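Here subunit A shows up in two complexes: once beside subunit B, once beside subunit C.
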Partner chain A sequence: MTDVILEKVGKTYPNGYHAIPSVDLSIEEGEFIVLVGPSGCGKSTLLRMVAGLESISTGELRIRGERMNDKEPAERDIAMVFQNYALYPHMTVYNNMAYGLKNRGVPKDKIEEKVTDVAQMLGLTELLLRRPGQLSGGQRQRVAMGRAMVRDPKVFLFDEPLSNLDAKLRVQMRVEIRQLQRKLATTTLYVTHDQVEAMTLADRLVVLNKGKAEQIGTPMELYNTPATPFVAAFIGSPSMNLIEATLGDKGIELPDGLILPMEVSHAHRGAIVWGIRPEHLVVVSEQEADFALNVQAVESLGAETLIHGVVGREPMVVRLSGPHLPEINSTLWLSAPKQHWHLFDANTQQRLSL
Partner chain B sequence: MIENRPWLTFVSHATLIVGIGLVALPVWMALVASTHPASAFGVGHIPLWFGDAGAETWGSVLFEKAGNGVDTPVFWMMLNSLIMALGITFGKIAISLLSAYAIVFFRFPFRNLCFWIIFMTLMLPVEVRIVPTYEVIANLDLLNSYTGLTLPLIASATATFLFRQCFLSIPGELVEAARIDGAGPWRFFFDILLPLSRTNIAALFVILFIYGWNQYLWPLLITTDDAYYTLVMSIKRMLSVTDGDIAWNQIMATTLLAMLPPVAVVIGMQKLFVKGLVDSEK
Partner chain C sequence: MTVTFPQKGLPWLLLLPQLAVTAIFFLWPAEQALEQAFYQEDAFGLSREFVGLDNFMDLFTDPLYYQSMLTTLVFSFSVAIGGMAVALLLAVMADRIIRGKLAYQTLLIWPYAVAPALAGVLWWILFDPSMGPIALWLDNIGINWNHYLDGNQAMILVVIAATWKQISYNFLFFLAGLQAVPRSLIEAAAIDGASPFKRFWTIVFPLLSPTTFFLLVVNLVYAFFETFGVIDATTKGGPGQSTTTLVYKVFDDGFVGLDLGGSAAQSVVLMGIVGLMTVIQFRYIERKVQYS
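What follows is the complex of A and B.
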């Protein structure tokens, strides 16, 4: 069953700024959707429009079939977790979690039952009488989630909830959020700028760029067949090597006269963007190589090695598993297997199928 | 910075002791004078140690009519002062909380203009607008009443401004979280805003109470009935004797009594006061 539907939803600010032209998205019940994009792409605005904290200028938002455009946030049956948690500093953890229920006139014993349940699930039982100021960052994060969970909302909204945690805690909370969401099976909309978070959490991803949904799909769809160079560069770390090239008679003509031979149908000739992911480049002998990489910098991470260099004048990154220590300025012979190529039309920015 | 220089400790202590002496001396003199007969002050030298008329003076000050044309006892005037000071304080706090709430959290046309108009009244204290204010109060038939004593002094640009700054420092996410939690404007005000500005309210309470207690000109103007005289203005009235001795001992005792409530408020609320001025626990 479709739970949340955004139909041509757009946002124009009173000063005329066109933050979001038009977004279409339908979310299945229990689905985990991640909105991802660089800062200023409108992902938070979109989330806040679903929450009712920003008005919807055009289009329609429906939750379980009901039009929500003009409803107050409290009437939409959503719960939100904020970036800075937004816990009430003068209330205990218990009251923080109970406040929403209290305002809805839920009887006291019911509130207590609910809060105790959720606290137990999140491991907050011992902290119920403390105030937010006495908690660590991770604990506050959990209380914020607890506050959202006690209400059993139709939709969870997360606005970059992990960006204030340190790296280790972030990984731990990421896993926890995923498990909780599976267990509760509540439809979730999650905003982040971190593509690792996006890839690991999402059932489906929405990549936003300048208020436009560049591509909507499962993490693997986005990784394997990015629709635009923007998505290609955004998903995957380190990001895909993208080189502006021309599709000519003999194949792909990279700058500096390098040619990657391929059969070309007439329809596609012209300016293109050629891309290959760092992990798909292979080190080979000089005879088999497609091109030579001049090594500029090496990042050894133990399990893998990132080699930054230039092919001609184009920068390129190679990702090799295990430790490698090529010398700076040495030459690395690389082959780019054809099945891993990504081609995009340079004008329309759309993916070309090979 | 930790310094360990004995002479520095000595000098700083000496300075503080001299300072305390300077500030406390007049209070001490008032206390001493209240134990001497009324004439002791008039002869030229000022006694520095207690005399033997203490019980008599304090007895008459506390239990008899204030004298010199004032028909009410001192404790009654104290009560008047207290009613006026508390009325002004609570009135100011309530009004400026509400106006700051409106200015910060609601979007309405000419919102900024409203704020600046309120802010401009800083330039119009009672002393400046005393004639028109008197006329208004007289026309409303509020002379010789507690309402007349407090109402014209209640509007406060300073307090509004202070609360505005305090509210502005409350993060927007908190407001949004409350909205999602289903808190309407009143709930938000009472459940979240008030507890969060608790220390600011306390700090303002101290300042405003002293301001209200020390009002002199306004009560002098609008009270003609002894029953509404406040303590601070009565001291002046006790001084203006046309002929005969000024009862310095009684005046000093009354002065000391007039000092007590503000001192009590400052001491009692000093922790919250300091916290409200320096701390932001948001």
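What follows is the complex of A and C.
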């Protein structure tokens, strides 16, 4: 069943700024959707429009078939977790969680039952009488989630909830959020600028760029077949090597005269963007190589090694598993297997099939 | 950080101007008042006689003094609470408007620059029973206004005049306090189903409590000690004793009634009250409620 529908939803600010031209998205019940993009891409604005904290300028938002454009945030049956948690500092953890239920006139014993349940699920039972000021970052994060969960809302909205946590806690909370969402099966819309978070959490991802949805799909769809160079560069870490090239009769002509031979079946000729992911490049002997990489820097991470270098004048990153220690300025012979190529039309920025 | 000086003399030299000001304008008069409180002096200041605690005995057996205390309490709390309520209302509205915000805020701050006596005269004219526009308007709607005869009306007049001046100050602090409340808290409360009214009373107002408490003390101190000019310019403590606050009574008894010893004894009592308020201020305001 489709739960949340955004139909040509757009946002124009009173000063004329066109933050979001038009976004179409339909979310299935229980689905975990992540809105991802660089800062200023409109992802938080879009989330706040769903929450009712920003007005919707054009288009329509429907939750369970009901038009929500003009409904107050409280009437939309959504719950939101804010980046800074937005816990009420003068209330105990218990009252923070109970506030929304109290406002809705839920009887006292019902509130207590609900809050105790959720607190137990999140491991907050011991902390119910504390105030937010006395909690650690991770605990505050849990309280913020607890406050969202007690109301059993139709939709959870998360606005960069993990960005205030340290790296280790972030990984831990990421897993916890995913497990909780699976268990509760509540439709979720989650905003982040962190592509690792996006890939690991999402059922489907929406990559936003300048207020436009560049691509919507499962993490693997986006990884394997990015629709635009923007998505290609955004998804995956380190990001895909993208080189501006020309598609000629003999194949792909990289700058500096290097040609990657290929049978060109389709009609497209001219400026393209050629891409290959760092993990798909293979170190081979000089005879088998497609090109030579001049090594500039090596990042050894133990389990893998990132080698930064240049091919001609184009920067390129290679990712190899295990430890490697090539010398700076040495030459690494590389092969770029054709099945891992990505081609994009440089003018339309759209993906070309091989 | 601690700074250490090589010589012993330099720190004292640097402190000297402030110490001199404190000594000449605060400690010396205080000492004089303290001394005078134990003497009875004739009206011309030619002779005096040590009377021990007589001045204090007289003071604490004088029903007029207790009357004045009550007057001061009524006056001070009316000024503090009235001024804060109006200022909070204005601050909430100023926090909401988008257009002309700066002009609105600037205009609201202006009254603070008006001298107390001028503020008094302004309200004295507005409420003058025979020609004041407000008094005439009140007459029209059937309220006979004459603060020269009616003690309660005189009290209302001095409260209005004293409050009006303080609203600007309170407004500034409340506005700053309101702007410090994170927007996301209000948004979270909106999603939690709280009406704007409820959001204010359950989220914003509690978060303003450090500001509110600070202003309560500041306003009480103001109403106690800094409203002499306003009262002198409007009612001169009358009619009868109905607007004679403790501070006004010090002046009235000392410089009008020429009971210098009694006036000094009252000053000593006021010094005690100031000391008490300072302690309260330091104990509670310095470690005001902290939210993180």
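As a convention for this text, the second predicted complex is superposed on the first by the 353 of 354 C-alpha atoms of A that agree within 3 Å, B and C clash if a C-alpha of one lies under 4 Å from a C-alpha of the other, contacts with A are read in each partner's own complex, and residues count from 1 in each chain.
Assume a residue touches a chain if its C-beta (ideal position, glycine included) is under 8 Å from a C-beta of that chain, and two chains touch if they have at least 3 such contacts.
Note that the coordinates shown come from a computational prediction; the quantities given were computed from them, not determined experimentally.
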Simultaneous placement of subunit C and subunit B on subunit A, clash or fit: clash
First, second, both or neither for A:R67, with subunit B first and subunit C second: neither
Partner chain(s) touched by A:N84 [first = subunit B, second = subunit C, both, neither]: both
Touched partner set for A:L53, first subunit B, second subunit C, both or neither: both
Footprint overlap on subunit A, where subunit B in one structure and subunit C in the other make contact: 51-53, 72-74, 78-80, 82-84, 86, 88-90, 99-100, 103-104, 133, 147
Contact footprint of subunit B on subunit A as seen in their complex: 51-53, 72-74, 78-80, 82-90, 99-100, 103-104, 133, 147
Subunit C residues within the subunit A interface of the complex: 182, 184-185, 187-194, 198, 202-203, 206-207, 209, 290-292
Complex contacts: residues of subunit B adjacent to subunit A: 171, 173-174, 176-183, 187, 191-192, 195-196, 198, 281-282
Touching residues (chain side subunit A, partner subunit C) in the complex: 51-53, 72-74, 78-80, 82-84, 86, 88-90, 99-100, 103-104, 132-133, 147
